[in-house]
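Multiple structures are listed underneath, in structure tokens.
You will see chain A twice below: alongside chain B first, and alongside chain C after that.
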Partner chain A sequence: MAETKHAEVTYEDIEEICEEFANREGAVVQILQKVQEKYGYVPADAIEFVGEILEIPKSKMYGVLTFYSQFYQEPRGKFVLRICVGTACHVRGAGLLVDKVKEELHIEPGENTEDMLFTLEPVACLGSCALAPMAMVQGTAYAKLSADKMVSLIRQFEEEAVKQEEPV
Partner chain B sequence: MAKVTINGIEVEVDPSLTILKAAEKAGIAIPTFCYHPRMDPAGSCRICAVELEDTKRVVMSCVTPVADGMRVLTESPKIHDARKTNLELLLLHHPLDCPVCDCGGECPLQNMSFAYGATESRFESHRNDEPEDMKSDVLIFNANRCILCGKCVRICDEIQDVHAIGFINRGFDTIIGPPLGKKLDCEFCGDCLEVCPTGAITDHFVRYKYRPWQLEKQQTTCAYCASGCQMLVETENESIVRVTSQEGLGPNEGSICVVGRFGFNHVQTPQRFETPYMRVEQRLVPTSWDELLPELGSRLNEIRRKGTDRIAGLISTRVPLEDAYAFQSFFRRTLRSNMIDSGARYGFMNAALPVVQATGTLRPLVDHEDLLKAKVILVIGSDPVAESNMTGLFLKRAVRKQRAKLYVADSEAITLSSRASDHIRFLPGGEALFVSVLAEDIRSGGNISGEWLTRKEELFKNWNVDPGAYQRLLTDLKTAETGIVVTGRKMFRLENASESMTNLLKMIGDLGWIGRDGSGLLLLPETANDLGALMMGATWEWLPGLLDARDESSRKRWEGAWGTSLSYGAGGGLEQILQGIEQGKINALISLGENPIGHFPPGSRVREILGKLDLIVSLDMFQNELVDMAHFVLPVSSAFERSGHFVSAEGFVQKTKQTMANWGESLPDWEILERISRAMGSPMGIESAESLMAEIQRFLPDLSPSTRNGVHFVGGTGDIHLHRPVNSPPHKANRETVSNRFGAWSEYKNPVIDSVTMIPGEGEFVFSTAKSLFHSGKMTLNDPNLKKIQSEGKLRINRQTARKRKIKKGEKVVLSSAYGRCSFVVEPSPMVSEFELIFPEHFADAQVLALFPPSMTFSSTTGAPTHHRVRVSLSTDTVS
Partner chain C sequence: MDIMLTETLEDVSVSSGMQTELPVIHIGMATCGLASGARGLLELIKKEVEKRQLNVRIVPTGCIGMCHNEPLVDVTMPGKYRVSYKNVKPMTLNQIFESHFGKNEFAKKYAICQIPLAGAQPYEGLPLMEEMPFFKGQVKIVTKRCGMIDPLSIEDYIAMDGYKALKKALTSMTPEEVVQEVTKSGLRGRGGGGFPTGLKWSLTQKSPGPEKYVVCNADEGDPGAFMDRSVLEGDPHAVLEGMIIAAYAVGGAQKGYIYCRAEYPLAIRHLRKAIEDARSRNFLGNNILGTDLCFDLEIKEGAGAYVCGEETALLASIMGERGMPWPKPPFPAQKGVWGKPSVINNVETLGNIGHIILNGGDWYASYGSEKTKGTKTFALTGSIKNSGLIEVPAGTPLREIIFSIGGGMVEKKIPFKAAQLGGPSGGCIPADGLDTPVDFENVVAAGAIMGSGGIVVMDEAACIVDTAKFFLKFTQDESCGECTPCRVGSKIMLDILTRITEGKGQEGDLDELVRLSMYVKSNSLCGLGGAAPNPVLSTIRYFREEYEAHIRDKRCPGTVCNDLIKYVVIEEDCTTCGLCEPVCPSGSVTWEKGEVAHIDLTTCIRCKACVDACKFRAII
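Entry: the complex of A and B
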């Protein structure tokens, strides 16, 4: 895995997010969620700034951050491939999807691709068992997948990324 | 009251108590892991389970309040099973590496497992295999041994209020450590190490070096600051292995700070002098006492014959009462000289003189327990956490638990600022004007007028004081039931410190606090025995008992006590001593652990002046500039090798004890002085430190030992039992006596207008030094442990200023004053204001001191040197 590049976080940006929640100590989880929405993960600097603004010790902030599995401390790929490996999907071959992604992108679960385009994240259940095996990427559910369909999905995302980078 | 039956024993207790505390009252011990008497209960370890006889329910005794008629069993088959199962679960992940664990032998988990026979677990799980967190230079976190009782996290939160460590992750993966995977960054008090019931927290300094049962424990008083902490020195073969404490012990109640806990190794380092040295042909050569003493004795006799006040003496205030007493006695009686002064002259004397004038005593009106009862507390000119750590701890507690209203008035943010209801900022050195205006405002009952009005406006306009915060403080001071002002080093080292102290005293008097229980002034002396040394008369102004040394009747009183006539001269302090040496009126200097060269800017010529002396005798432990010039260097005992007493900031007279073997041929100061006096043919006749204390107490009975929480030992390595002394003599000043004297003093005193200003110009800063939390004086620079914690002095600069001027942490800058330049490594800090630059005093060597004015200036009222602040400009260009 390549050296991950961390996001540039400014105090002012974090201040803005905290102000949305009136700098309330009780809103710390929502604030962290907002931070993650902005940067794709919760950068270490953001933790310090949020702590400073809400007057919560760093040690407590870090406790909250590590308690919830929804928060990430490392940058993640542009497309997080959340492949469901819950019971229904498992029975219908979710394992094959995961294997295929591993083979195609040379990453293990939880890892990012070198170009930071993809992150593989097997998840326990997305509550859409009727669509098994399924995955969710950038908030969109992809139903009744197969290994081949998975590959074409990846290609599709790659193309999308290239298009977005091209100047309009 | 609630009637509770515990194991058949009926006790009547306050219904707010928990079962655990009620059992304690009944003399029944319930095992605990996570319970701690000074903290809120957590109920997380589940080992203090007890059975309620009526409902057959098992409850946690540390969190369950008693109820009337409750019947409790602390040991029953059900409880035995519950605790055993609990232990089995705790041992699931525990590595059972007791043979290599530092905690083995003093481990509650080990003891409990033994007691309940939980040697095998019915459950199966993987053993944790988390690598140890070795990033910190001080503490090591071993997550595998951790039972997650959370005591360390809680003591850091609730008692220390530092919040350095926390729970990380969740469920089985939970570990304890500093945040963000970084190196531990805290005050390093080591309280977490102390309370950890397993070997999950250990320290780098003594890891693997001992087995607890081989250590001999002895209680002694910490000799660094004036908090008067009681600690346990643990030795093996008479050398110190570690310093610990015991919950509830001493005025510190079991907490000790970083310097007390880890700063014990300088006394057993090879740099320490082992033998006496004598200068032979420009070189210091090792010699023996027998060879040196006759020579020294005859040279002193020669000088003594020339007349009175020919020999000057300086003494460090880190020595016990006994040695300070012997010192002044040696000078006044044997050498017929009153040219004596102490290290307190550099700062604390500025407070001591006005306080003694006003109140007649150095004992405080209030102590740490009063802080917990006070409604309003003002901390001004002091950073209690660094200067007197226990005072800091009590202040944090006063705010956190007792909801006291805390005001901090300081140019920089101190640790306590974040707990304060208002932090009143002013430009560096603004304490003087602030206090004088405040005092006048209170004296005049709010009708401030004339020149004072201009001064008050100046305070708001030029000194950046927030009028709102000032008004809130004023109102609170005037209306508070009980109030305390805490002040310390920064105040003592102002150019006009004694005037400011006078203003402060006047203010306290006008508030009516002198006669009001629980209110008053708490001074934080700079060393362990500033108070004691002055009470013993280790200064030219005072005979023992704070009697005026120049006053005929006081002199007569001591002549009667000692049965000799005292024929010392007019005497003088540091200023007069240096003058006398320069004029050739003083021919010899005996210094007990003092080094004036290290205190003055190099350009002030102190070294040249001292060079005029015929004889310099230095009693010290380590090399320094004065030792380099001395004709005789005499190795002196450290605080760990002598017995004696220290007077703490709270007024407790506490015992320090010999806990390690004598280092080489070193001797305590009193014994060296006694031997010199014998060599001079006029022995003082001191037999021991004990006989000295007996003499002191005979003349000054109020100096008999006192403490807050005493102990008695069961064997050297055995259990320690705490008790609260019942007949302890009063440690605080007698309010009635003080009130009577104060009334007369206060009548003709009005607040004095401050005249010194040092407002930095555009692009300028005020440079000053401060005490670091991690060191005490220059002595601890020789301590390998503390050196590891803080190895170099860094210049603290305001974070925004640094950012604006593009200066990064660790970079070098050059400061220039009108007198000199010096380069510094920078540490940006959010605490420091944009007008000042602060450097730890311990690292202020000649190069740093060169920034200060090279002339020797002394306060006209107290004779204290006044070169503690200077205006500087900063440049990032290190080449030119």
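Entry: the complex of A and C
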């Protein structure tokens, strides 16, 4: 894995988010969700600030953070390949999709590619079982996938990224 | 789903399309529709409407249940029944438009059925929706509006009797009478627990104190289940109405929470819009409909923890804690959110409330079986032809669900092996059990649970041991770690199952699995651990031979477990054609002209390419 570049977090930014939820301790999950929405993950500094503002001990902050699988403590790739590995997808070959991505991008589940373009994230059931096997990338659902289709999707995202970087 | 949708919809004139003088085009835009290309289709429809200078209404709808036929487009001409088109592609769109707007008929080639509308005329030569095998055995109560209305339009909801039940409850019934009506209906928790809803409400009502809460459990986490997603996406106001009625019935709750899993972005967006619209019409807020009831709602997004579907864990999560369950008592009805009495119901349960209040508890109880009243929604998936969302009276035999409504197996040649009901807490029912009436009691007797409604159908090509391992891996991952039987017990069981699928199973493994299962079942703190061994127990009960084949013969009859697959060429059947040789990615297949092919198992990666390439079934 590549060395990750962490986001710069200011106390003021975090204070603003906490105030939005009236600094309520009960809103800590929502606050962390907001933080993640802003930075793409939950930076260590942010955890520290939230704990300070809401007067929650660090141990408890990390307790909550690590309990939920959707909080990330490291930056993530531009395209998070969320491959459904729920029951219906499993019986229709979701495992092959995951294996293909591993082979194609040389990453394990939860890891980013070196260029920070892709993250592989197998998830338990996206609730679209009739479309199995399926995946969701940047909020768009892709139905009835195969290993080959997965590869062409990856190529498509790579092209998209190149296009975005090219000066207009 | 994509946030773009709202913007797209705003410039479309949106209306109910129940009774209309304008032609209406409905397009299924729930997650299943969108994933099948509905968004692109909507753009094309708009373009086509513009090109032909038509005055029509375009109405995006939720899921009607036929996920296998998405994208679905319906056309309703004034005075005529609504015609449904399946698997609509850009190519077919033109012909559909031409038929309706050019020739004033329907496109025979692509239409699947027509939906009757009051005061309108049918087309000839097209079956009615209720005549289709998929819909014939269904009774739609909670999914009645899904796929029929625009879920983002409160007007559409109101046009189909929406918020009528709320008015009835608030203006002509006492809270006690509301609870009584729900009790009379026999409605039981649709999240899988099966606890009588009326009793839950009555307990909360009787709990002392002025501060109470209503919580909607929309943390549908069972893999293979999407009933709640469909209801939230297709008819969000129904859930809201159920919650407001609950707030009134439990003695004036002021605040409600909807705890929805973050994997359902479209459902969350539809809920947000519904709450906003309900507020603007005073169905939420202060002095609802001029009464003393003051009630408002907040959405809490889950953060990816399956155990939060357990009610006490969910409450802990709402309060910003780790989502760990607490031992009951105290029950949420006594001490729930912030230590106050709380009623917590599942999406489908709440979706039924409006219909029960409006039509009466006796009407609801007239459907269903002796101990399970009303209807139940199911998500039909796996190796089944008509995968999708269905709603049937409780007690409908499994055979009817799978073979009549579901249309049987997707691959005609591969026979049915088992149906998995109830997700990670459930079990497998084999072919012998196909006549089991699907209700709370009978499914439990058959070794599974009705659960929240996921039915995953497996054919002979599936491996039972692998399925049991799959579910155990899931519960093991999701075990919150609070109690040892679940945390450690499930790990040891998973290790044994993994060993079996790797060909390292030993005699006595099955007995050990059963012993551990009983221990984990009886000693775990919450429902997650208590039910975790079910998939293992039910599969050992019905498919012991398949386990034994893995353990003794080191053979996987479903050819799923990679380590146990040994592809061999059957000499008598091999025509020496050589098709298998070039497709092998690892170069393990050797073949010379006129010779029988040979597979080197030491380098074979079990990709199955040679099996698929062989036209003579000479490789197994």
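FYI, the second predicted complex is superposed on the first by the 165 of 168 C-alpha atoms of A that agree within 3 Å, B and C clash if a C-alpha of one lies under 4 Å from a C-alpha of the other, contacts with A are read in each partner's own complex, and residues count from 1 in each chain.
We take it that a contact is a pair of C-beta atoms (placed from the backbone, for glycine too) under 8 Å apart; a residue touches a chain by one contact, two chains touch by 3 or more.
Computed from a predicted structure; not experimentally measured.
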| item | value |
| --- | --- |
| Partner chain in contact with A:71 - chain B first, chain C second, else both or neither | second |
| First (chain B), second (chain C), both or neither touched by A:105 | neither |
| Contact breadth on chain A, by residue count: chain C or chain B | C |
| Contacts of A:44 with chain B and chain C, given as first, second, both or neither | first |
| Touched partner set for A:150, first chain B, second chain C, both or neither | neither |
| Partner chain in contact with A:127 - chain B first, chain C second, else both or neither | second |
| Contacts of A:63 with chain B and chain C, given as first, second, both or neither | both |
| Shared contact residues on chain A - chain B and chain C | 63, 67-69 |
| Chain A to chain C touching residues, read off their complex | 24-30, 32-33, 63-64, 67-71, 85-88, 90-92, 123-132, 134, 139-143 |
| Complex contacts: residues of chain C adjacent to chain A | 1-3, 31-32, 34-36, 67-68, 220-226, 229, 262-265, 300-306, 317-324, 338, 379-383, 387-389, 420, 423, 454, 456, 458, 462, 467, 470-471, 474, 477-478, 480 |
| Touching residues (chain side chain B, partner chain A) in the complex | 153, 156-157, 163-170, 178-180, 418 |
| Touching residues (chain side chain A, partner chain B) in the complex | 44, 47-48, 55, 57-63, 66-69 |
